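Got a structure here, written out as structure tokens. Questions coming.
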Amino acid sequence: MRGGNRFLAAAVLVLIAALALTHTVQNEYFFFAGYVVLQFVVLATAWNILGGYAGYVNFGSGAFFAVGAYTAVALIKALDAPLIVQVIAAFLLSGLLGFGVGALTLRLRGIFFSIATVAVAVICETAVINWRFVGGSRGLAILQPAAPLWFESYTRFLFVVMALIAIFSVALARYIQISWIGRGLRAIRDDEDAAECAGVPTLKLKLAAATLSGALMGAAGAPFPLYMSFIEPTSVFSLNYAVSALAMPIIGGTSSWVGPVIGAVLLASVQQIVTVTISSELNVLVVGVLLVAFVVAAPQGILGLAERLIRSRGVARGALGARDNGIGDRS
Amino acid sequence: MLRSWPTIFALLALAAPALVSDAQEQKPIRIGFSIAQTGPLSAGGKPGLLALQIWRDDVNARGGLLGRPVELVVYDDQGNPALTPGIYTKLVDVDKVDLLIGPYGTNPTAPVMPLVKRRDLLLFGNFALEANAQLHHDKYFNIQPWALAKDSAAPFLQLTKPLGAKTIAILAADAEFSQVAATGVRQELKDYGLELVYDQNYPPSTVDFSSMIRALRAKKPDVVYVASYPSDSAAIIRAANEIGLGDNVKLFGGGMVGLQYASLMEALGSQLTGVVNYHVWAPEKTMEFPGVRDFLARYQDRAKQANVDPLGFYLPPFDYAIGELLAQAVTATKSLDHKALAKYLREHEVKTVVGPVRFGANGEWASPRIIYVQFRSVEDKNLEQFRKAGKQVIVAPEAFKTGDVIPFNQARK
Amino acid sequence: MTPELLIEAVVAGILLGSFYAAVSIGLSIAFGLLDVPHIAHPAFLVLGAYGAYLLGQHGLDPLLAGAALTPLFFLGGVGVYRFYHAAFERHGSDKGLRGLAFFFGVAFIVEVGLIRVFGVDQRMVEAPYIGKSLALGSMRLPLRMLVPFAVALALTIALSLYLSRTFAGRAIKAVAQDQTALALMGADPVRVKQWAFGIATATCAVAGALLIILGPVEPGLGRLYIGRTFCVAVLAGLGSLPGTLAAGLILGIAESVVLTSFGASWAPAVAFGILLLVLAVRPAGLFGR
């Protein structure tokens, strides 16, 4: 388990780095933007558990994210619950939603699952629009509490919280990938009928993946209302989340947990930088164009490209993109 | 371990612009805001921006403020409430502006309020209804002369008495502005002896209103109050013409945003006849504040070149007044300190092109000045008609009235 | 709800429903018959609407504009299919995921592209029949709904006849059922599919014109129609054109009744609710093969 130790060390380092940044970087906007980057790491990682490993495309990431966010809103309004409770509740509820959608459609061909996720997104949005308690389509302003001890502002605190959620997601995705679950899911992606015949419990595995994937997306959404101080359905249910959650893993590479992380950090950072300087449409356009380009020309994503590059240089087996040993051992 | 480097690099790349310091002499005073330049609110936002640019040019021609030139930092928020929190965080932390004006409209302003309250910043509301009613931020001021929604609803509801109306239908967009406005009407209904026979909220994305107009007509109301945003306002007026509101309706309109935009007024033409809707200024004799005609003449001149709203009766004079108010406060206090500026604005009356402005509770006008105008015998495809008095007759409140209200069903005959 | 109001709602629903059939017919062909995961269909529809808007700016009637744009859309569709085939279908591997992601990306690019060019403002067209209505007793039916109704009906019937009566039409139906058999008969399945995808895309030009006649259009409108078109295509039973008309009518009436009785805030969920129900209960659709 040397890889495991290294992963743990890296995770701890990332967390320490995030904490250190909150005490060294002056500009508040850095955390406002950094939070979004980390949030997309979670979304992309979560999407990849079902999309990348098993090959079932979720177009409704926005719905799971929003269910998480609105769970938090309801808890804030009803019980004034602390953030940790919000995140856990969002995790559970979105997981339940993932399970429900999966149970309904994962028996059918892949595209029906995809369309059903779009349907779920619209139905959830309609429900929220008609739910006055959480603001309806008018939205709701939520005041951030005072910043906790050790933190200069609440946004900095949320930045660290999101870093924790991101580390947890990536660890979970990595565990799934290197365990028997991941092997089963890959078998489903490559040939579902063959996997079924070989005794892989396909439906159970798919359901597990759909549940975990949804749960993580919900957890990513939970701190959002406090982060924004305002929530309204159109923006949280936005298709932009769905596109990004799907594009980032595909661009990074879907075969390993590293792919979504690379894709998310790269794309979300570029988006944030582009948003600071240029208009917001352009940054979503960038995602769309990159998505199509990668799907057509480099289906293995950046990981695949890197692997090919390493191979062509004569290195027998690149650390990046190695499927079954999960994380590369050389660093 | 290499794996974590991309993360760190990306984060550093994000931090880099923040580390670059600015060292300029005679730094301009930067005033930041977002205002819709695209989207349904843009027909109001473009003229508003032009008015603020005219003010900036005026100020700079006179040597600037505190000897420093004035610069505007402007973003397009598309009237979308989802975009404004990010834009205002950026204005404060990245652009580091000295003064803030709110986004145009109630919906995009609501999400910004928690932010300015938290950072304790001065914000000049730009046509935002009751944006500060919950937060009571002491550094917020609103240029829209509306104050509370129920006070704004009162003049409209007073019109129902002489018309002998007994029943009312309410159609309101499920968005911040229209819900606040409609709630104001609902609160006051009893005082005017009106029975609510139809009450419908619709999501802002609705494009087809024929079904709702059918359901509304079936209830045979005497009054139809609508609170809507520009694209729905146009669609509702059109659907009302296609399907018909029924013969009972004596008063139709109220809180429809967009019927003040020259482009919509021209496009809807005769379909507007008889509609009674709120406004803030109309070319009627009770609205001649010192300086407003002069400003409008200069505005209309530049609007022609810039190809924006050729009339400029809605935002422009008031947005110019925002500039005047800020300039007056900065010059009088000789500072850009938000606390000092807010104190000055709370305590002083300031002369502007829309008359003297004094702020009261929650930063709203101390004495509100909403007016209701009735469109009279409007012709199709004729913009020039609206420049003259008599097309948008002020029917309420009493203080600014230039004509009596005509029942909707008669105005249409 | 009074009986008069219910009748009015149902009549309006029939008009709306045939329009829904017209906007879904291309998807019925592309997705139902050809098995292409064409998530970008609604985006092409909106593109058609903007085409009609552009030509309308030069004084052309939106319906004529839609008809005039069909050859262009047909060629565009052929191009898209050839590209799709070369990039995904031919290799066969991972087709589902990549194909879906591809069309999703295309839809997104179309939408954002339209925003870049036209902005997020709503656009509408002018025509003599927009804004007027036909009085039937106390009922008033807007002409902007009656005209799409008539055109949609004509389009659906014409295409049904085309598929069942002509040689090319039968070849398209055959390619959906058994590609190898068709190949053995000497027809090239890829060429047949390319032709069919061209037709499917060409319907977007006409249906897009109907879309903008019915009401104002903005770039994001396609999203709402993902649900409606897939609902109709799946409910119809994949590839059945008479089924498409029936499914469209069911959706139209259901939406109209919900709109009139509960208001607009519940209406968007109607299509998706029906869709989920169909997927859960009878994925083969009402008129499934």
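Which chain is which? They are A, B and C, in the order written, and residues in each are numbered from 1.
One rule holds in what follows: contacts are C-beta pairs under 8 Å (C-beta built on N, C-alpha and C of every residue); 3 or more make two chains touch, one makes a residue touch a chain.
Nothing here was measured: the structure is a model prediction, and the numbers come from that model.
Ranking B-C and A-B by contacting C-beta pairs places A-B first. Using the mean of the Cα atoms as each chain's centre, the chain most removed from chain A is B.
In terms of their C-alpha centroids, the spacing between chain A and chain C amounts to 32 Å. Mean C-alpha positions place chain A and chain B at a centre distance of 39 Å.
Among the residues of chain C, those touching two or more other chains are numbered 265, 268.
Residue positions of chain B touching 2 or more other chains: 174, 201, 203, 205. Along chain A, residues 129, 137 each make contact with two or more other chains.
If you check the complex, the residues on chain A that touch chain B are 6, 9-10, 13-14, 17, 21, 25-30, 32-34, 37, 129, 136-139, 141-144, 228-230, 232, 234-235, 238, 258, 261-262, 265-266, 269, 272-273, 275-276, 279-280, 327, 331. By the touch criterion stated above, chain C contacts chain B in their complex at residues 2, 4-5, 8-9, 12, 119-122, 131-133, 140, 142, 144-145, 214-216, 224, 256, 259-261, 263-265, 268.
Those residues of chain A that touch chain C in the shared complex are 51, 55-57, 59, 104-105, 108-112, 114-116, 118-120, 122-123, 125-127, 129-130, 137, 189, 239, 243, 246-247, 250, 281-282, 284-285, 287-289, 291-292, 295-296, 299.
By the touch rule above, chain C contacts chain A in their complex via residues 37, 39, 87, 94, 96-98, 100-102, 104-106, 108-109, 112-113, 115-116, 223, 226-227, 230, 234, 265-266, 268-269, 271-273, 275-276, 279-280, 283.
In the complex of the two chains, the chain B residues touching chain C come out as 38-40, 42, 78, 174, 200-203, 205-212, 214-215, 218, 231, 234-235, 238-239, 241-244.
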